[in-house]
Every structure is written in C-alpha cells, then in structure tokens.
Amino acid sequence: MYVETQEEEPEIKIPLPRVGITNLRTIAKINWKGRIYTFIPTFEVTIDLPREKKGIHMSRLVESITDAMSEAVEEEVKKIHTSLEELALAVIKRLEEKHKHKRAEVWIRTTLILEKTTPASRKLSYEPYDVEVAVIKEGKDVKKRLKVRVIGNTACPHAMANNNGKTHIQRAIGELEVMADFNEEIALEDMIEVVESSFSSPTYTLLKTPDENAVVRKMYENPKFVEDVAREILMKAREKFPGRIHVRVISNESIHKHDVIAEAWA
Amino acid sequence: MYVETQEEEPEIKIPLPRVGITNLRTIAKINWKGRIYTFIPTFEVTIDLPREKKGIHMSRLVESITDAMSEAVEEEVKKIHTSLEELALAVIKRLEEKHKHKRAEVWIRTTLILEKTTPASRKLSYEPYDVEVAVIKEGKDVKKRLKVRVIGNTACPHAMANNNGKTHIQRAIGELEVMADFNEEIALEDMIEVVESSFSSPTYTLLKTPDENAVVRKMYENPKFVEDVAREILMKAREKFPGRIHVRVISNESIHKHDVIAEAWA
Amino acid sequence: MYVETQEEEPEIKIPLPRVGITNLRTIAKINWKGRIYTFIPTFEVTIDLPREKKGIHMSRLVESITDAMSEAVEEEVKKIHTSLEELALAVIKRLEEKHKHKRAEVWIRTTLILEKTTPASRKLSYEPYDVEVAVIKEGKDVKKRLKVRVIGNTACPHAMANNNGKTHIQRAIGELEVMADFNEEIALEDMIEVVESSFSSPTYTLLKTPDENAVVRKMYENPKFVEDVAREILMKAREKFPGRIHVRVISNESIHKHDVIAEAWA
Amino acid sequence: MYVETQEEEPEIKIPLPRVGITNLRTIAKINWKGRIYTFIPTFEVTIDLPREKKGIHMSRLVESITDAMSEAVEEEVKKIHTSLEELALAVIKRLEEKHKHKRAEVWIRTTLILEKTTPASRKLSYEPYDVEVAVIKEGKDVKKRLKVRVIGNTACPHAMANNNGKTHIQRAIGELEVMADFNEEIALEDMIEVVESSFSSPTYTLLKTPDENAVVRKMYENPKFVEDVAREILMKAREKFPGRIHVRVISNESIHKHDVIAEAWA
C-alpha cells in the first residue's frame, strides 16, 4: 500500500553499525514494590543497517520505547538499582519483535536524586546526579555501560604547602564509567559513592552553619589535585567493579578562567 | 519576475517589533591604525514589520552585514574600544539603504582577549572575556547596550568568621550591562575592569607559584559574598558610566551542587 | 554561638532586589487525586536584601523548597494544570516563616510530557514540552509568569510561490510567556496548544507512514513564515489569556546555517 | 624556595595518561604570506603523569601555548590548510623543553569561515564550520586527529515516494573525523567539502531568490536519509583520506521533536 523506501537497495552499499533516534525525551515508569515511579529520561536507540538496505524503520524504535514503558508498570522491577538497565533491555526485547537487526543499543540519560545526611546537623539533603546507562546487544552477547557524574570539590595541596595552610578551593566534577557484562551486578549508587568519597569533600544541597563548618574543615584536612581525585576513583573502582573503567575529573579552578583535567582508563 | 510573498497582506494584521536573523556567525574585520584585525562574532539583526506586510526580506539583513564588513577594512576605526559599536552602526547604515523600517537592532556577541600582568612575577597573561554589544536605532534615536561577562572568585566571609580564617572559595561570574545613548563613550575594557576588581580576586590564565600565592593571599584578605560583589560592581558602575545598569553575579559554590545569585538594576 | 556575618552592616549600603539560589535540581512531588507524581525540576529562589544587611541566609531558601515538597504529598492539589504555581507558592509560604523579606520569587523549570493522538493512525504519542513557572510576591501582591516552549515546523510560503509548490521546510521553536495575577486561571496545556496549533504543522514523537503523510500534507497546505507563526500565537494568546504576553519564534532554517526570529509583546 | 608538591610521591601510585588544562580560550596567530591572521580557539593540552609523581606543573602547559603563539608570528606557515596542526605541534615542541613527559596531546577547537559562491546569482557568501585538530605525540610517533562539523540538510526519500514528490526537509549536521600520521597531508577544507557535498543540498548564509530556488530544486532532486548521507561521506572519505575514519550524521527532523542519527567507522 505504501512505498517502503527503506527496503530498497542503496546506491552505496556499506553497512552502518549505528542508525536510529537520538535526543528523544519521554516519560519512563518503573514499578518497584507495587509503587510506580516516573521520570523523564532522554533516549538514544540504534540498530545496525546491513549493506543491502537503504534505511531502517525509525518509527519501530519509537514504538519499542513506548511499548516497553507501558508494560513496565505491569511487571515489578526486582532491584531498584538495576532498573535503568532492565528498562533498556526491555526496549531491546520489544525491538527484536519489530525490526530485524544484528546489533542494538539503548542509551538512557537521566538524573538521580539520592537522600544524603548532612555531616553535622544530620539533616536530610536531596542530591542530584547525572547518570547514563546503555545496554548493547550483539547476537547473544549483552553488555552494559554505566556512567555517573558527581559534583564535588578540590582544595589545592600545592598552594596549601606554600601559603601556611591557606589554599584555593573549587567545584570539581568527577565522571566514572564502567563497561561490563549485562549480568554483573553494579549499582549506580555505589559508583556515585566511589566518586563522591574521592574529592576533598562531598557537596550538599542543604548546609546549616555547623554543616558548612564541617565541610570547610574536611576540605582543608584533605587537599587534593585532580590527579589525586582521579587516582582514588580509579583505585576504588578497580577494587569494586568488574569490567573496563574510564575516569575523568575536571576542576573549575577558582584562580583561573579555564579548567584542569585528569583522565585514565583501566 | 519572482513572487514577493513578503510584500503581500498578511491574514493577521499585527505589527511585529523584532523580525530578522539570529545565531549567524561570520568573519568581522576592523582596520585600526592601518592594521586589519579579524574575529568571528555571532550576529542578531532585526527590524520591525508593519501590520500590512506579510514578511521581511531576510537576505537584505545578511547583505548589510557582509557589505559593512567589506567596507570596514577601507575605513579606519578611530578608537579600538568603540569599534564593536561602530561595526553595529555600520550594519544599520547599510540596512537603511536596503530595507525600509522604523526600528533596527544589531547585536554582536564575541570574545575579547586582553593582556594582563600576573600579580607577582609580572608575566604577560592573555585573558578571555565574553562581550555583547547592541545598537538600537528608532527614527533618529540611537541607543546602545554593552554587556561584559567576567570570571572571578568569591571567598565566603561567613565561613571564614566561623572557621578561624579558613573558608570555602569558588569560581564566580560577574555580568554588567550598561544601556546608554550611542554617543556616550563607554569602553568595554573599563566595564571589564569594574567587574574584575570587585571579586575577592581577579583570575589569570597563567600563574607561576609566586603569582598563585599572591592570588591566594588576596582572596583571604578580601572575603566576599555574591551580594558584596554585586554591590561593588553596582556602586562603581554608577560612578563611572551614564545610563541604566544591570548587574548579575553567579557563584559556582564549591560546597554545593547549585549556584548562588545576586542581581540588581540602577 | 556562630557568627552571623549576614546580619552585619555591609560596607556598600545598596539594596539588592534579587538574591538567592539558582540551578538547584531536586525532586518535586504532587499529590493529585490521591496519587503521587514525581519529577525533577530546576529551582531559582530569590528574595530582596535590604541596604543595611550584608547578606541573606541561603540555607533557609533551600529548606523552604524541601519543606514545601514534603508537605506537598499530604495535601492534594485541586487542579493538575495549576500545580506548578501552587508548588511555587507553597515554597514562598514556607519562606515567609523562615526569612524576613519584602519580595520573593520562585522559578520552576521542568519538562511536561503530554499525551497526543497521531493525525492518521490515531495512535498514542507522548510529547515533551519545556515549561517554566514563576510566582513573584511583593507585599500582598502575587503575580505569576508562565512560559512554554514548543517544537513545530515552518514551510516557507515565499519559496513555495516561486517553485511550483515545492519549498524548504524546517524545525521551528515557539515560545509563549504570559504574566498575570496569581489568581487568573491559565493552563500550561492551553498555552502549549496555542503555540502548537500556530505552526505549519505540529510535530509528533511517533509517526507511522499514514501519519507522516498527513503531517507532510498539512505542512504544504499551511505554508508559514516565522512572522506568520508569531502573529498567530499572539492573536490567539490575546484572546485566551489575561495579562502581558511575550512571543518568540525561532526557525532552524534548512537552507541556511543560521536561524530566523520573530518576536513580539502585547 | 617554594614547595613543589607536584614532585612528591603520591599515596596512590597509578600512572595517568592524560593530565592537563582544558577549556582554555586564548588568542592564536598565524603568519601566512607575511600577513598575520588572528583567531580565538579553545585549547586542551595534556601530558601523561608517571606513577611516582603526585602531579604535573600546569602553568608550564599554559606557557607552552603562549610561547608558541608569540613565535608563530615570526615564522611563516607554509600552507594555510595545515596551519592548525603546525600550531599544535609548535605547542608540543615548547612543552618538550619545559616539562618531562612520554606522551603529549594538544587539541585546538575553532571556527573556520570559508568563502563560497551562491548557486545561482554567484554572490560571495561566508560560511562557518566548526573544526577541531589534535596532535598526539608519544615518543617519536606523531599522530593527528582532524574533525569537521558541517551544517546541511536532508529531504526524506520515503515521504517523497508516498506523497507525490512532496516531503519533509530539515537541517542536518554531518561530522567527519580522520585519524592519521602527522605527515599525511589532509586539508580541513577538503574534509568540509566531502561532508557538504553529501547532503541533499549544501546551505548558504546568503541566498537571494534565484539562489533559494536553486537550493530548493537541488533538495527535491536529491532526497536522502541520514543513512544515505553517512554512507556517501564514508565512501568519499575512504577514497580521499588515509587513516581511520569516523562519520556521524544527525538530522533535526522537522516532523519530530527528536533527532535521527547514522554513525559509522572505517
């Protein structure tokens, strides 16, 4: 009835490993212990395109997301901390029924809000963390990539040694990525903890005066270069998590207009 | 020969004050003391659309920029520090010959690099500043808006008073806008100086150890809230510059994941 | 016990109208018809600072947000479409108990996902819209500002008239802001509808082939300049909504590297 | 005289492959045929950190940039189209005298403005392109990475086949990266040409009515999926350029709120 241009032979017959939709924002739902949690992630979903087809059917990728979401509320996720991976895998399963492919990737970017306790007054503080989860399926092989981005700080040890304990301090951002088999159990919360505990001090949304004092003390007792932060994240991550690891720390220097960076792989 | 849809009567006859092109990046040239300076600003150029016309001729706005640029190299700018305004006015002059209008606006966004001297070793350091200049002509009335955005720092006086001289320090951004008659002589460099001198300390691209120490000392001798920075910019700007003033200071707190803000008008 | 630097006299005694926290992301909850809805907005909360005080107590602004959120789940919102304003007002009410001020502003930015029906196959499609809601209280006077940002498209009528019905088409973004008394009932959904219905065609996340054909037909039957889109939004908004109106339409031209813009106020 | 904390032994002895400065904006100068060209790129400069040192001396990286810039005006670049690589290599050469390392990377991001001729009226149009050049030196091995980002458009062949020649059209972005030995001669201008010629049509900053008509005609004669654009870039790039190739095409769909993507490596 309709022309299916996608099924035609292309002029240039080269296979493409990643074709799909990106920057798609939609509502996602998780049923945990009988309660529905909603959030608005950004999706990228791609499949491979064989050399003899002109294009993929993009709308089937969108339908796979929508279908996975509506079924998600019927099935309980067993563990809240692996729910983003389960959601991504659920999209791939729908996709397998809808569109032939050899390789599929689902990337989900969102913000987690975790409850923390402030260091002195022990008040509740809600902390935001950017996270990204990908599930990549090629044949029977299923891998995942988990990324967290945490805001902390650095107090410079070099300036401290040269200024009788005074130093420059600044906001810093730590990123940790773990690439592992889908079945490895790795909690995003544990990854966040690895990064957050490696700064001069963690940061908090709410700080009353005694809490502020505690953070100030902690930063001066714990001076660190970005190099120190990166090494500590790397060491802890290798101990805790299986798979390949990528670490990147960027410090928004308070004495410069530019940033400094330390990056490593393991 | 061609249909001029823009000249037709629109269905909905409402005048529009601002219609044009935006986010246009192109090469700009200035001839100062016989030497050509080039840079790549971003332009927004708009004119008003009367109620009885369907649209404006967008390509004439682009041509006004291009023509002004090619003529700019033939005429010397007299004062380098007003050259962005002269460039904007040159675009409006070309536009007056090409497209009927009552009101025209030309906005130019770019980065200035200024030479500074580091505080102890007296080395040369090149510092980047985002600036924006607008010229707005309505009939014979010509106004301008000048904006600068400067990166500095704040050392918190409250934490300092509660922690025996220790405190949290962070990168901060100060913005100053002045709206005045076109003929008022206001140098972007002076506006930058007003903002930069109002932080706990200025920041530098290059800092050798003795310079770093000088900046650290200066920050601790000069603790400031964003409120203090905003007030100082406002006070200095009112003394130095004619016209309306807008000040905004944002501090990327090193102890929080969010920012703090102080804003005022005069 | 602690030094309250904020309560000291500042060196420069100038009142500041807007001092507070910005870019704060946290979890927000709404109880509608007994069901809890969660989302992660970005907050800006400011109060005025009188001339004789050095600073404001920032942590009380954060506490006002947290307290308003935890109480929100106990009280049902009556109307889902005014819930963001009620949330902002709830923050201001907590703030009145915690921190003296004359003027308070709460700004909430988030993404709404609305259910739409595709134009031909009548399938369900979830559509994302950026919205921002502000409540501004000065003495007894309470005002609100409501903004929506909608993605649609434009098909150029000038190119269509000169190319036998062929034309260039592109993604366009329409923004509508309404400033009114707090008590005026204005639904964000209605504002979105006003913008979305003013493009050459609305856009959809899911489009099967017959839907895609319907959108293509609609765009060609309905060619529009950004000027036409802006005028239609302005006309409809003036009919439907009380208060001051701001409209801005930006088109990501498919034939240029820059954008075109039409902007108006009423 | 000063404490050199960087030279101390770190607690965690792990080597880091990339440590340095990033997001540094400064002025760059090139002397070509006796004339000085200036522009304002963004730099990232990193070196490796051995396991037994606590940190690197960041200020020496900044000095390497500054020194390379001031010497650049004395030496003529031989070929304008390899000048960014020569600039990056000049920074590495200064760095070799200032800071011991095994591996050094210099990344330069900037905007090129190229002169194009409009398709019908043959007017001059200045077109902006984002480019990034990296030089990576490890021992005696010197490699480079060249990236270009070009704005074009796609006219959908599937909608065209189903709507009697009518279709949806949109802005699209094509990215091409080539990784090769430093000595391979690859012009950024040729890479831009490969991408720009692979869209349904190139885009232009200036278009008079006959030019606009020519672009419209070209888009309808040349309908392409992002898949087609990616394959054409890949095929042409493999023919023209040595080394590894990465292609990514993103289309800002005019009928959707999300984008579509095609990506490949060779």
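Quick notes on this structure:
Letters A, B, C and D mark the chains in the order given here, with residues in each chain numbered from 1 onward.
Convention: a contact is a pair of C-beta atoms (placed from the backbone, for glycine too) under 8 Å apart; a residue touches a chain by one contact, two chains touch by 3 or more.
Predicted model, so just to flag it, every value in this text is computed and none were measured.
By count of C-beta pairs in contact, B-C exceeds the other of the chain pairs A-B and B-C. When you average the Cα atoms of each chain and compare centres, the chain farthest from subunit D turns out to be C. Note on chain placement: the centre of subunit B and the centre of subunit C lie 26 Å apart, centres being C-alpha means. One finds 36 Å separating the Cα centroids of subunit A and subunit B. Looking at subunit B, one finds that residues 2, 24-25, 128, 158, 162, 205, 207, 209, 213, 257-258 touch two or more other chains. Against subunit B, the residues of subunit D that register as touching in their complex are 2, 24-27, 37-40, 59, 62-63, 66, 111, 113, 124-126, 128, 205-210. Chain contact summary for the complex, subunit C toward subunit B: residues 2-6, 10-12, 14-25, 44, 46, 49, 54-56, 58, 157-158, 161-162, 225-228, 230-232, 234-235, 250, 257-265. The part of subunit B that touches subunit A in the complex is made up of residues 127-128, 151, 153, 158-159, 162-163, 165-171, 201, 203-205, 207, 209, 212-213, 215-217, 219-220, 252-258.
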